[in-house]
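Going by the order they are written in, the chains are A, B and C; count residues from 1 in each one.
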Amino acid sequence: MSDQTHTLADVAAALGLEAVGDTTIQVKGVNEPALASADQLALAMKPEFAAQIPEGKARTAMLWADADWHALGLQGAILAGRPRHALSGLSAMMDPGQGYGSGIHPSAVIDPSAVLGADVSVGALAVIGPEARIGAGSVVGPQAYIGWNTVIGDGAVIHAGVRIGARVTIGARFIAQPGAAIGGDGFSYVTPEISGVEKARASLGEEGTDNAQQWARIHSLGGVTIGDDCEVGANATIDRGSVRDTRIGNGTKIDNLVMIGHNVVVGNNTLICGCCGIAGSTRIGNNVVLAGQTGVSDNIFIGDNVITGGGTTVLSNIPAGRVMLGYPAMKMESHVETYKGLRRLPRLFRDVAELKKAVSKLVGDQ
Amino acid sequence: MSDQTHTLADVAAALGLEAVGDTTIQVKGVNEPALASADQLALAMKPEFAAQIPEGKARTAMLWADADWHALGLQGAILAGRPRHALSGLSAMMDPGQGYGSGIHPSAVIDPSAVLGADVSVGALAVIGPEARIGAGSVVGPQAYIGWNTVIGDGAVIHAGVRIGARVTIGARFIAQPGAAIGGDGFSYVTPEISGVEKARASLGEEGTDNAQQWARIHSLGGVTIGDDCEVGANATIDRGSVRDTRIGNGTKIDNLVMIGHNVVVGNNTLICGCCGIAGSTRIGNNVVLAGQTGVSDNIFIGDNVITGGGTTVLSNIPAGRVMLGYPAMKMESHVETYKGLRRLPRLFRDVAELKKAVSKLVGDQ
Amino acid sequence: MSDQTHTLADVAAALGLEAVGDTTIQVKGVNEPALASADQLALAMKPEFAAQIPEGKARTAMLWADADWHALGLQGAILAGRPRHALSGLSAMMDPGQGYGSGIHPSAVIDPSAVLGADVSVGALAVIGPEARIGAGSVVGPQAYIGWNTVIGDGAVIHAGVRIGARVTIGARFIAQPGAAIGGDGFSYVTPEISGVEKARASLGEEGTDNAQQWARIHSLGGVTIGDDCEVGANATIDRGSVRDTRIGNGTKIDNLVMIGHNVVVGNNTLICGCCGIAGSTRIGNNVVLAGQTGVSDNIFIGDNVITGGGTTVLSNIPAGRVMLGYPAMKMESHVETYKGLRRLPRLFRDVAELKKAVSKLVGDQ
């Protein structure tokens, strides 16, 4: 709908919502209330944004369920019970996309043994390796790379410069943002003799010193398996497994610059926000939300529905349903309490010093 | 000047500084004092580096303002009041660059509707999309990508493999390091019903548990706007806005592997160091410096002139002028104090245990 | 050996290990015990994995030194004193690779002045710049970039989309995972007058406020030097030095999304795990292990054999041999102690409040 116009009634109908007022007004795009032109639908999805509507020129707006659109000076409106959810469908309608173009660009290098479904487009200078299979309707962006024997489901959007290595299996409706790298080798090395790290882990840090040893590489023989309806962010990386595949469940979304280590298993409908790092062989459940810069140690598990706050460092298992924060991660209530205590620490030191004096005097007086 | 030689006098004149001694000596490049050859200018910009001059072969050096160049055994010198600032101009003179070559490489794929200014060079296998406009004198490196309708000002240097998506607007003298990805979609999803994350935020963590729900995608309809004189580091990412553009002010520098989320607004002359993550819709002021691995929550603000220390986690607003450190961020003085307290905690526990004993005895004695 | 089969005896001989039972059985690939087919070698390298062997179909397995292979229902086995180390050689034998193909792909753009050793392969749409030299037997993956005057030793594997800029020098057997960017410019700027950051550092945070100043760029004139047997992870970045090269020693492995700043010096056989950031001019010793998301300030040093735990923030020098954890980094024992103390803080506050009451009563009673 980027260059098209639609009536307010048509937009509402597409979203399964109610349009009120003059529903024949043509809208072309959306905008913030203060910036909207007369043919744009203003987005004022909470009462606190309504005041900005008169600052712009919009005649129509998307509003909350019981908004008094008439009092806001509008000629028409779409009312939504959960407007943020309605924005999902609306933004899909209005998305002008990246303009990659259709068809197979003549500069793309596609191995003759690769199999492309119906209506797959491949951008300029993309490379598709031997025996790769790309599902119907998928878009492979300019300069993207799809490796040997990799399988991608229908309706994928692989943006510019994405790298998907060999033997990766991805479900339907996959989205990969620019520069995402899927299928690099795991970071896995071993020393001939027991290493300092192994000693430090065994002794909780008492003993780490090493004689100089070289690291021998363990090759990653597994691939990566990603479910349906997943998204991977710009310059994020997902490593292949050592023996079996690294696995990402259905409906899971991974943000920019996230690192998913080898052998990690992530469940369904989990969100992993920007700059998170998940170390090797860790298992993460369903409906988990890891806020930005969360770090998770290797070989542990995070249960279903766990939520972490920004910058949380998870060094041990977290049972299902917990909300965690801090370094190392604590339950959010404990963290808030602890943090308050920390800020009052200087006063506590003074209190204890005074007590010592008072008690010493009492003892002396006896 | 990479392959050229200049007299000491000419170098000093170009920097607006004073040359002393034999100013006719030819110099060709710069080096650390101990490594410099006879035709290189040694960089000894603080007294503590002067001792290394005799270890090398330099006849000339850049020194601090009142340096006794003669006593250091040199034949000539450039004296600078703020040598580190002088190094800026000097390093620009001496930079041999990347050798990308001039002109349009025949393997580049440039849409016929793209408009390139005078003296733009485009490297091998670069892609420039429809209606893109690139300002005069810009360098588009090998394998770089410039998307549909994107506008870049004069004098840009876009290094190898940079990805700039559709509808991005960038000012003059822009520099993008290899692999930077500008214009990926924002990480923005919504559940049909109120999600566990929304509940946990509302209740400060008491209640996060979710029934399984799928995440619906909110498409990013906005672009990215970047001012003049900005730089973006290797493999850094800047996401497009949801409705309006994500915005970066003039003179702002962003380091490697930084993540700038959707709708973020960054002011002028701000430095964002390596591995920082700024979550969606946060506003950052002018002249801010965020040290490496600083994380900033979504929907907050950081005032002008704020400075954070390495690894600071910012979970709430910071007023202008503060120097912050820690998890979560505190004023640096408080953090230093708190940290001292933390280290003395074991002693405090012992003191309180002793006090309890003493008081209990006193009470018993009564 | 990906498509080949070998006898159990041959595999054991290649690894310098002992095969027992029917050593004529043909094996083709490895797998986890429960997933292994009859022609795969099951990996059950610790007693706790042995129980899964009957769940799969393997007739052979790699086991620990004194395993009772016969009791496990196997027909043959390889016994290894340190099985994880044996896995290194075994995984190299079994690695099917990325299938990039051999020879020079006709779509690659190779400058006529570049020098390629014997048996170098160059993938589709790769770019090799002027005067670059690539050692014998190296693999340059699809869409990779090797810059002007860069030298890479024998036996390198440069994966898809790797960017190596100008004047980089790399030793033998180098591996670069997809999207790694080596040789971006350092993040180095200077203001005309003393900046707020300089003031804040000098005063430990008391004074940071700035008058608005623009940042002048210091160009990076140095390159990057990397030793033999190094590996750099997916989308990791290593910046070039300001005057001399940034340096990585022999046998050092760098994981995904790691950032190595300008002028950093890293020793030999050091492991830097995912998402670590090392700020400019810091020196890191030999046999160091930095766990994921470790951050290290600029201009400090970390001695040999140091180990950090996940998410450690290193703000000051660390002597050799220490095991560190926390924000800021403390010795691991102190951190564990401090963390215990933190959790007991609320009780300590209650204890002190009670003590105050008791002492106040005692004082009143006197």
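To be clear about the criterion, a residue touches a chain if its C-beta (ideal position, glycine included) is under 8 Å from a C-beta of that chain, and two chains touch if they have at least 3 such contacts.
Computed from a predicted structure; not experimentally measured.
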Q) When chain A touches chain C, do the two copies use mostly the same residue numbers, with over half shared, or different ones? A) different
Q | Rotational angle, Cα trace of chain A fitted to chain B, multiple of 5° | A | 120
(Q) For chain A versus chain C, what separation do you get between their C-alpha means, in angstrom? (A) 23
Q.
Two or more other chains touching the same residue: where does that happen in chain A?
A. 125, 143, 161, 179, 235, 257, 275, 293, 327, 342, 345, 348, 352, 355, 359, 362
Q: Would you tell me which residues of chain A are touching chain B in their complex?
A: 29-32, 35, 43, 82, 84-85, 87-89, 91-92, 94-101, 105, 107, 123-125, 142-143, 159-161, 175, 177-179, 229, 231, 233-235, 251, 253, 255-257, 268-269, 271, 273-275, 286-287, 289, 291-293, 305-307, 309-311, 321-323, 325-327, 331-333, 336, 339, 342-343, 345-346, 348-349, 352, 355-356, 359, 362-363, 366
Q: Within their complex, state which residues of chain C touch chain B.
A: 109, 125, 127, 129-130, 143, 145, 147-149, 161, 163, 165-167, 179, 181, 183-185, 187, 189-193, 196-197, 200, 204-206, 208-210, 212-221, 235-237, 239, 242-244, 257, 259, 261, 275, 277, 279, 293, 295, 297, 313, 315, 327-328, 330, 334, 337-338, 341-342, 344-345, 348, 351-352, 355, 358-359, 362, 365
